[in-house]
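When the chains are written out, they are named A, B, C and D in that same order, and each has its own residue count from 1.
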Amino acid sequence: MNAVLFASDLPYWLQSIFRVLGGLVAVLLPAGTVVYLFLFKMLSFMQSRLGPMEAGPYGSMQLFAEVGKWLQKEDIVPANAQPEARIFKMAPLIVLASTFLLVVVVPFGPDALFTDFETGIFYALAVSSISVLGILIAGWASANKYSLLGGLRAAGQLVAYELPMVLAVIGVVIQAGTMNLQQIVVAQNTGSMFGWDGIGNPYVLTQFVAFIIFMISVQAELSQTPFDMPIAESELVSGYMTEYSGFRFLIFFIGEFATAGVFAMIASILFLGGWGVPFAWFGWTTIDSVDNWMNFAGPLILFAKMMALVFFIMWIRFSSPRLREDQLQRFAWKVLIPISLVNIMLTAVLKVAF
Amino acid sequence: MTMLGDRQQLAYIASQAADARVNVELETEGMTLNIGPQHPATHGTLRIIARLDGEQVVWAEPSAGYMHRGYEKLTEVRTFPQVTALVNRIDWLGSFANEVPFILAAEKLMGVEAPSRAQHIRTILFELSRIANVSLFLGDLGVQLGAITPVFFAFRDREYVLNLIEGATGGRFHPNFDRIGGLKDDLPAGFIDETRIVMKKLRTFCDQIEDLLFGNEIFQSRTRGIGVIPKDVALSYGLSGANLRASGVDWDLRRDQDIPMAWNKTDFKVITHPDGDSFARCWVRLQEVRESTKIVDQLLDTIPAGPVMAKVPKIIKVPEGEAWVSTENPLGEMGYYVVSQGDQGPFRVKIRSASFNNISIVPWLLKGVYVPDIITILASLYFILGDIDR
Amino acid sequence: MFPLSSTTDTPTEAPRDTVREAELARILEALGAGVVDSLLKPNDDMWIRVTAETWRATAEKLKALGYTYFGYVSAIDWLPSPFGKSEDDASGPSGERDSTIKQGYTGGDTRFQVIARLVQPFTTIGINIKVDVADDVMAVDSWSSVFAGANWHEREAHEMFGIGFNGHPDLRNMYLPTDFEGHPMRKDFPLLARIVKPWPGIVDVEPLPGDDEEEGEAS
Amino acid sequence: MAKPKVPGMFKGLGVTFATLLATAKNGADTVQYPHEKETPPIRARGVIALHEDNCTSCMLCARSCPDWCIYIEGHKELAPPRRAGGAPRKVNKLDRFDIDYALCMYCGICVEVCPFDALFWSPEYEYSEPRIADLLHDKAKLGEWMQTVPEAPELEAGAEKKGKK
């Protein structure tokens, strides 16, 4: 590491504060942008309307107004949920905690990262499943039949989609030869395709099948349409979120979109080269030779790539109807998993061959 | 059972006992799910009590009546013009179409026939209200199945149709424009040109919905083969409209009935589909909107000149008699059985609304489906609460 | 009060309706003695009235004759309303009102009649079937085993008129609360909305002071 | 030449994206209500306006109202004679003419039956109230709406010209 950046030389407590603030920014900023840009504006424009226009210029302050509204609302615990009120109240926090744990391993630049974790992607996939616990707890503790159905659906769905996601990632891991997210980024940006290193080697090209499977799994993991059966407003009336109000609902809401953002970041790290630009452009060879300014440009680049991916997630969300639970399971087990297994095999064979 | 022989009886008891053992082993505790009265899928206040085993429906029963307004009773204390204002609130999305059969029944009793210009304009407005009604169904269908965008398209384009209806009749939803013997007023200037433009927009809307929803593989996998209604069951439940035609019954009262309306002067296809499943019902409706826009276009070309009101007395007293008139409304066959005893108001009006029959098939149809399919089936049957409860 | 328009008061020769005549003959033959009375209005509709005993058999036979499309089942209370009709003052004295029962087409002997309609699919030839409901029995047979759609219609008629349907699988209330008393569609059931509010037809114009002449009702 | 079959999902994506571009280019189909307003059609049944001088409190409208939402009270008065030297006329003076818009179902029957042209439809629609009781409007308020009553619209070609009611 050639640059002293951010927290390296600061006392531990100051480092910790920076890290907490950085984590908050890294979770909330994408979530806010995603909600405003895509949920408010893109959705509205796709439906030939303007969306929120009153709060701030072009409604840009709308989100703050919404947050203020939610914070004012009463924190209701349904009568039947009273015996387990503590669990009921805890559930949204678990969901959000999973998001914060995810962002820990995301690298934003050569040195701008919270932790350089050797088995980063393994860890990320593991902690992302914690949100299932929160959702199950929410569904059960609400003492509401719709919530219970939603919670069970969510559990079944997330379990079914964890597997294709892991299998899709394995292709990348084989190709990069590491599970460290930072090194996956470096491997993509220093790589070359058939000797040409003009754009590095983003794995979206070589691992296209894995990329598609990963994105489908992300869509399901986030329960966005067409895989939003756990929420399903028109049948389960928001599923596990039915009984939540006020800031607990807000936490679910933030969790949903922050996770969308973080997963898009991980996808862009795995497949689009993450924070980096092809190192050959600036004559860098290793991560140590990367200039310091990448610590500032890197997050922006990552942010841009994340936005592009979220655009696709949201675009599909706004244009398709919802699958049925059994159809989704069939799709996961009979289509995605076999394809991803074949993909792993091919990747391994090619890796050995070249 | 009493007629069984000893050995048969023993075998029967043994099989029963075996079934019981298996059932006890496999049986999970069922759950009763109350869908509604306040639920987004019932667009109104219908309640469906469903007994579930896992996500599968063992038994389901709709419970109507949360919006019962007693229109049949109310008609007995109102005069004929007042009843007209009342009945267009039955199916509130296609309200003009509700007035027509009632007025036709009253005209039949009086022996009056509306002038041909009035018949033409009636038919145009009738088809416009069908378009307004069914286009909203197409958008709502998307919402029921989780696609949020079509409903905004539907509201956007239905607005143009409502503007036309408002411009001509003065009421967006409740025109109250029909009078015994004709219409309240003639069309305002510019209506014909405006309507032509709107009909073009509606055809574009149909294409958009077709691309957005009907062509979508997910939509097809959700609706195809779900909630199949065979032809004879449909007839014995008295299903009507698109629900009947989707079961392969080629029967449209617009074409097959000789009533003083202008449909027989136009050339249109009656859309049918052989499958009888949810997809067929939705598809038939989509195509019917297209056909309706064509009917309107044809009628706009051929509106005859003349008065819009026949000669009727100012205070209307309908002679004694009984009459039944039904028309092909947006939701299906809507009929009025009007009994008059020579007064200003009807003695008894039986309102045979389409949704009441259409929804009575639900307990039969919902057995063994999954919870998400309840929503699909209800959406594809397309009911309006006011039309069930009246 | 006013003469009707010229199109109606010239009694033209009733046009013959051979299709419906043939249909009615076919039906009368099939139903035999069950039919009490029948009426055919050319190019309009057919009515028959059957005896209560043959009510279910009528449905079966008509279904066999091709009337497979179920229209509706409902009932009529022929008692003139003691609360007046159309614009009358419902809260006014009811003694002056005519309370003689005036039956409709194909006559009838009882206050209540059940009426149903069946249609031949793919045509518009339908038939209205009436049956008398004796006051002491207040029930007829159920059609729900013949036409599945009759189930709900009979439930509605049951709660609205208090007419029983023998053999109906479950005659629960559809619309009304379970403990509701009375049958709203009967004519002697008051429509409260018209009774709690003063009737607006009274001309509420104070006469001039010292003006003896009584104005009465304007109309 | 048969076009290659595009999977339905992508067609749907195309529709939404085309709408996105069209909205960005041509603007939305919606109206930003308090800032811009749509003008209702001339015939729109917005609110009932009363021309008080024409009303003779004959009660026809109150009777024919399906909801009984019109309340009229009046008294008789002597008016100056039409011709000089004639006997003073007896006229009905309105004391109260209220319409309860919470009950009104906007059917327009009262406007039609009025024999003296005292009631009119106005397309005015901004008169909502936070409390339902405030929707009972009296004759002064109904008279104010007289200002907003438009002329009847031209009729479409082929219509029979008739004396306007």
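In this section, a contact is a pair of C-beta atoms (placed from the backbone, for glycine too) under 8 Å apart; a residue touches a chain by one contact, two chains touch by 3 or more.
This structure is a prediction, so every number in the text was calculated from the model and none was measured.
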Chain at the geometric heart of the assembly (C-alpha centres): B
Pick the pair with more C-beta contacts: B-C or A-D? B-C
Of all chains, the one whose CA centroid lies most distant from that of subunit B is A
Rounded to the nearest Å, the gap separating the Cα centres of subunit A and subunit C is 65
Between subunit B and subunit C, tell me the centre distance in angstrom, where each centre is the average of that chain's C-alpha atoms. 24
Between subunit A and subunit D, what distance separates the C-alpha centroids? Give it in angstrom. 54
Subunit C and subunit D, separation of their C-alpha mean positions in angstrom: 37
Return the residues of subunit C touching two or more other chains; collapse runs of consecutive numbers into ranges. 87
By the touch definition above, subunit D meets two or more other chains at residues 9, 12, 15-16, 19, 29, 64
Name the residues of subunit B that each touch 2 or more other chains. 78-79, 149, 153, 156, 212-213, 216, 218-219
Provide the full list of chain pairs in touch. A-B, A-D, B-C, B-D, C-D
Provide the residue numbers of subunit D that touch subunit C in the complex, in ascending order. 57-59, 62-65, 68, 70-78, 90, 92
Residues of subunit C touching subunit B in the complex: 1-8, 43-45, 47, 68-72, 74, 76-77, 80-81, 83-88, 90, 102, 104-105, 115, 117, 121-124, 126, 128, 147-149, 151-153, 160, 173-176, 184-185, 187, 189, 191, 194
With touch defined as at the start, can you tell me which subunit A residues reach subunit B in the complex? 43, 46-49, 145-146, 149, 225-226, 228-229, 232-237, 318-327
As the complex stands, subunit B meets subunit D at residues 78-79, 81-82, 84-86, 89, 117, 149, 153, 156, 159, 163, 166-172, 174, 176, 184-192, 208, 211-220, 303-308
Subunit D to subunit B touching residues, read off their complex: 7-9, 11-12, 14-16, 19, 29, 40-45, 64, 66, 105-109, 112, 121, 153-160, 162
